[in-house]
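So, here come the structures, one by one.
Each of the next two complexes has subunit A plus one other chain: subunit B in the first, subunit C in the second.
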Partner chain A sequence: MSNEEKRTLTFEILRYNPQIKGDTPKMKKYEVVEAPGMTVFIVLNEIREEHDPSLQFDFVCRAGICGSCGMIINGEPKLACRTLTDTYPKGIITLLPLPVFELIGDLSVNTGKVMRQMSERVESWIHDKDAENVDLTRIEERMEPEVAEEIYELERCVECGLCLAACATKRMRDDFLGAVGFMRLARYAIDPRDKRSGKEFYDIIGDDDGVFGCMTLLGCEDYCPKDLPHQTQIAYLRRKMALGK
Partner chain B sequence: MENLVLDNKTKKSRIPAWLDLTQSGTGLVLGLFMWVHMLLISSILLGKGSFNFVANMMELSFLSPTGEGYPIAVVLAVSGVFTLFILHAGLGMRKFPSSYKQYKAVRSQMKLLKHEDTNLWFYQALTGFIMFFAGSVHLYTMLTHPDIDPYISAARVVTSNMWPLYLILLIAVEYHGAIGLYRLCMKWGWFTGKDAKKSRAKLKKLKKTLTAFFLVLGILSLIVFILIGIKNKDKNQEISTVIIPTTIEQTIS
Partner chain C sequence: MKVIYTDSLVIGGGLAGLRVAIAAKQRGHDTIVLSLIPAKRSHSAAAQGGMQASLGASIKGVGDDEDVHFGDTVRGSDWGCDQDVARAFVNTAPKAIRQLTAWGVPWSRVQRGDRQVVINGKKVTITESDDAHGLINSRDFGGTKKWRTCYTSDGTGHTMLYAMDNKAIELNIPVHERKEAVALIHEEGVCKGAIVRDLITGKLTAYVAKATTIATGGYGRIYAISTNSVISEGIGTAIAMETGLAPLGNMEAVQFHPTAIVPVGILTTEGCRGDGGLLLDKDGYRFMPDYEPEKKELASRDVVSRRMIEHMRKGKGVPSRYGDHLWLDITLLDEKHIRKNLREVDEICHYFLGIDPVKDYIPVRPTQHYSMGGIKTNYKGESIGLKGLFSAGESACWDLHGFNRLGGNSVAETVVAGMLVGEYVADYCETTELKINTKTVEFFLEQERVKISDLLNRETGENPFKLKKEMQQIMMDKVGIFRNHDDLSKAVEELKVLNQKAKNIALRNRISSSNPELVEAIRVPKMIKLAQCVAYGALLRTESRGGHAREDFPQRDDKNWLKRTLAYWKDDNADIPEIDYEPLDIMKMELPPASRGYGDDKTTPHPDTEKREKEIEKLLKDHPGIDRIQTSELLNPVEVPERYQGKNERVGRGFK
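Let's look at the complex of A and B:
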């Protein structure tokens, strides 16, 4: 790409710091020259380095693994590090923080707090009343490779929170568990080491804040950056809970 | 009374499961019924004779020695549909935004994402709300005047000024029903096949096609009833003001 061909991208970013008294949310424009293979994450770094060091956004891995850099990019919940600027031919990109979560500042939100609450709510650990009596000298019971693969598939969730931000039900009803919680619970429901009964799972998600509150708007399915099978997992949990299986 | 003090998490009622199943079950029956209903009504497009044949079948005329049928059969069928309709409406209401704050949250989400299935849900809720009123008027009319006949129906449409209500009801029903049946498939994981995403795309396409098909069918049928109604306007007055006799021949002749 020669210099003549390089596009100048316009970024419109919501700026607001709730820590500063009297600050009000406003959209601010930044212009950045596009580079080959440029991601929104790279742009944000450039803006912070060259235009405005006060810009707040989250990141850790820069490779779509940690799930920290979720934001609304041109009306879609996405990970900034996995969004290439050349997917926007007009060169105008609007960035907003994820709704649903507590705003730390600008594009930075507190997903950790919600994820911790979710983990505690679904009791995200193996439940086995006989765990303390396990004979550690014996080889652990074998798991069928298909089951292990199925569990692994659901464990790929990086807790980025895009599914919650994409969910109108969650926006309407704050107590709604949301897809990330259902995915986590489905992971334990298929794990043979978790001895919880169907009734015990029902006690966690068997109400309108749980699986029966899901209105199947499928934002979770459409915007999950890991392409997790939210629709089929929620349908599986709904059948399991409703029919008492 | 133990629920007053028991931790909700330790003992959950089975009622939410039943409510969810009932909402889906009534929706499924009503959705499929509406498609069949539309097909039966559209028999008017084939002529008054075809419509009469369907109407007589609905009135179980084949069981009657005189061939006149039993309008009570229609009353019973309408009563059943009305019961399901009220049950479904009551259960569906639970999902509506229940405050301005919730309404604002949904609208803000729709504006933020422009996500098709979120928008579809909103239109489903909106058309459901419209049907509370339009559907009730139609069902009550059919409950109190169960006679089905091309001239009586046309008189209802034109002289009794029911056509605007039927037009609104047609649009609301076809959108609400098709979106609802599509969502039911997604909700319970029906027809997912090996590739859930591909199946969903196919179902959505089918949903749009069926909505368009039934809307065209409904509008054409309504136009035919309006034309019959206008043509027989003088006699319509008579039909709509007197208690409708059992056979239309007595009224028209």
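Let's look at the complex of A and C:
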């Protein structure tokens, strides 16, 4: 894009601060002159600094790594920091906070609370009574290189919550674990260091709030910013549950 | 007055903070972690490249051990580091990585047999041994003699942080999210906790604790462009400084990473060059071998960054609307390798630059990356000025890195310091009784309450966002990679003015609950003071050492400057810190100062260097036949908590 054809972008942003008594949700319009390489991160900071210092949103890494900045951008759940404004030819961009999560204010939602609960629910750690007694001076336990890679592939989740925001089941049923939790569990299920039995895994997700509640609409897979194989993992867990009980 | 009591309060939920919390909790102490954000989003997650630990499993790591790691770290620091700390660190790093393995990090493993790698621009086949199959693999990084950087594909920091936070969840350690510590509570030279603001409700709470640990990362965001997360604003460091008691060490020691993308400053990992990537100029010419024939692209970070700037100053930069830059070329690597082992880089190129690194060159420029300076602690991680205050990781100047940190030594520091300092925090909790005068707590709470209500009541004044921008620009223009007297003096004067203006901030959005402008107004005055510590320390240090490069004093000067800068902010009305220096004792060094091996060495030597070299020679003669471990115990005896003592085993070598 050259200097001559600078566009003026229109941002429509949901504004609502539940901390202020009597405040109600409303859409507000902001105009911003587009710059090359401009992301929604850059725009939101510009709006806050130049136009409206009360605007709330969350960014940490601004590089698509930390999972802080999920929001609904023109109807789709996305990471705002790595969404370039030039992906929208009309230059009109609507921003809403992620549904499913508790609203902190404007575009900021409390993903941390939900993710901690998820981790506690699936017991997102290696279960091995001997792990604390490992002799740290000795050579570590060996692992096949492909196994390490497979685990890493499933551990790339950044807990951004887009999968939950895109999940029809989750929106109807708050207790539904959702793709992020299935992925976490699958990650531990294939890890030889985790000594949990099939039965123990089943007890966590073998019901309608777990893997059998999924309606296979696969919004999770469509919107996962890390391209994680949700569909395969959900099928894998189901098969494992059905066989392993 | 809302007060929460605990034994061990940890401010910061990244790798270092969580590791300290885990240590204290495992020893039976009540622990709370405070974090601005959910812990798993901490900046630790952004470490793509790896963690240094001398496991020596991969064929290119064979022969590696604690001593080689020690030498690389000390040379890398330009002899500015604390060698006791460095020794304890290198001895513990293999244990730290093995513990993380048990906690679930899926480190990339060695595959037996042949594999293709790129070394010095050429494809080479290396053969991994059967013995090493399945052990933790390692890659090449700058400034290291061996391939020592252990990694998980492209997501080392992410997997380490996830394992650490999951461990903390397993241990039921509460992480109080969206909380910001705005001041420390202290009484008679002892820290007793912190005053904490809830970022949602705006309420202030006093967290009273036996031991307080600050692990809030670096202060990179005092620069306009930084690879750091937007929360790396140094606030933890600043609240320690604002006690007037806890000095900050070597604040002028700032690292610039050679390869951040232009213009946004997002990092592309050193792994790009470690795995064989090259730096090219506007003519597509590989220039690094001309400057550093031996280490080339893999010289220490500070060296590569300076060479890049030098080369651009000769007109060899690629012009762009954002100023000149150079190219990082990884097109000579395997497509599969890029898509997998450098996937983060691949994604960043795709989303932020719209290019494909398999085919296209990446526009890069040296960019602020790491803060070697921070809260000065002793080897136990305790502040040298304020008892009961500990610090670990990037927020601390434990002093592992001196004036330049090696790639891969940062996440390694977070977990190793977390382990060691965590034990000392637990010791401290065991031997300390929690006694505090409630008047003290009220005093500090009231002080912060008044500051905030002043901000909310002031009708007109300075815009905090603008002040921050001005500060960041001063640091970029005048306290950058190359420094000189004139620019630095100007920076100091301009920051003095900003420091005054910062006393008169007024808000447009005057509400006390969740309010980003208020957050900024609380932070910016603190950041300006930190920036002044950097600028003023840099002005006074009339030598070049590691990341501190003075054009007017281009040589390292051990005779006058083998000492650590200590910055105190004792007087709240002052515009500059009080500076003191702490000498480094050559007569205790395991490795006395020498040349780092880059360019011509014109260091002005310290008279003790020769003395110590002779002494070491004699000591070794007097102890014939001792092995390398006995040697290091003889030359550099260090204390390590009992549970982390013991020699480290390596494949094919045993415990030797």
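We adopt the following convention: the second predicted complex is superposed on the first by the 231 of 245 C-alpha atoms of A that agree within 3 Å, B and C clash if a C-alpha of one lies under 4 Å from a C-alpha of the other, contacts with A are read in each partner's own complex, and residues count from 1 in each chain.
Here, a residue touches a chain if its C-beta (ideal position, glycine included) is under 8 Å from a C-beta of that chain, and two chains touch if they have at least 3 such contacts.
In this text, all values refer to a predicted model and were calculated from it rather than measured experimentally.
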Three-chain arrangement built on subunit A, subunit B and subunit C clash or fit: fit
Touching partner for A:L218 - first (subunit B), second (subunit C), both, neither: first
Partner chain(s) touched by A:L14 [first = subunit B, second = subunit C, both, neither]: neither
Which of subunit B and subunit C A:Y236 touches, first, second, both or neither: first
First (subunit B), second (subunit C), both or neither touched by A:D191: second
Touching partner for A:R82 - first (subunit B), second (subunit C), both, neither: second
Subunit A-centred angle between subunit C and subunit B, computed on Cα centres after superposition, in steps of 10 °: 160
Minimal inter-chain CA distance - subunit C and subunit B, angstrom: 16
For the subunit C and subunit A complex, residues of the former touching the latter: 37-43, 45-46, 94-95, 97-99, 101-104, 106-111, 133-137, 152-153, 155, 158-159, 162, 165-167, 169-170, 175, 177-178, 200-202, 229-231, 263-264, 266-267, 321, 344, 347-348, 351-354, 465, 507-509, 511, 513-517, 520, 644, 646-651, 655
Footprint of subunit B on subunit A - complex, ascending: 72, 75-77, 96, 99, 166, 168, 171-173, 202-204, 206-208, 212, 214-219, 222, 229, 231-232, 235-236, 238-239, 241-242, 244
Residue ranges of subunit B touching subunit A (in the complex, touch as defined): 8-14, 16-17, 19-21, 94-95, 97, 102, 105-106, 108-110, 112-115, 117-118, 121, 183, 186-189, 192, 196, 200
Subunit A residues touching subunit C - in the complex, by the definition given at the top: 17, 19-20, 36-37, 39, 48-49, 52-56, 58-68, 82, 84, 104-105, 108, 111-113, 115-116, 119-120, 123-126, 128, 131-132, 134, 136-145, 148-149, 151-152, 155-156, 158-159, 191, 193-194
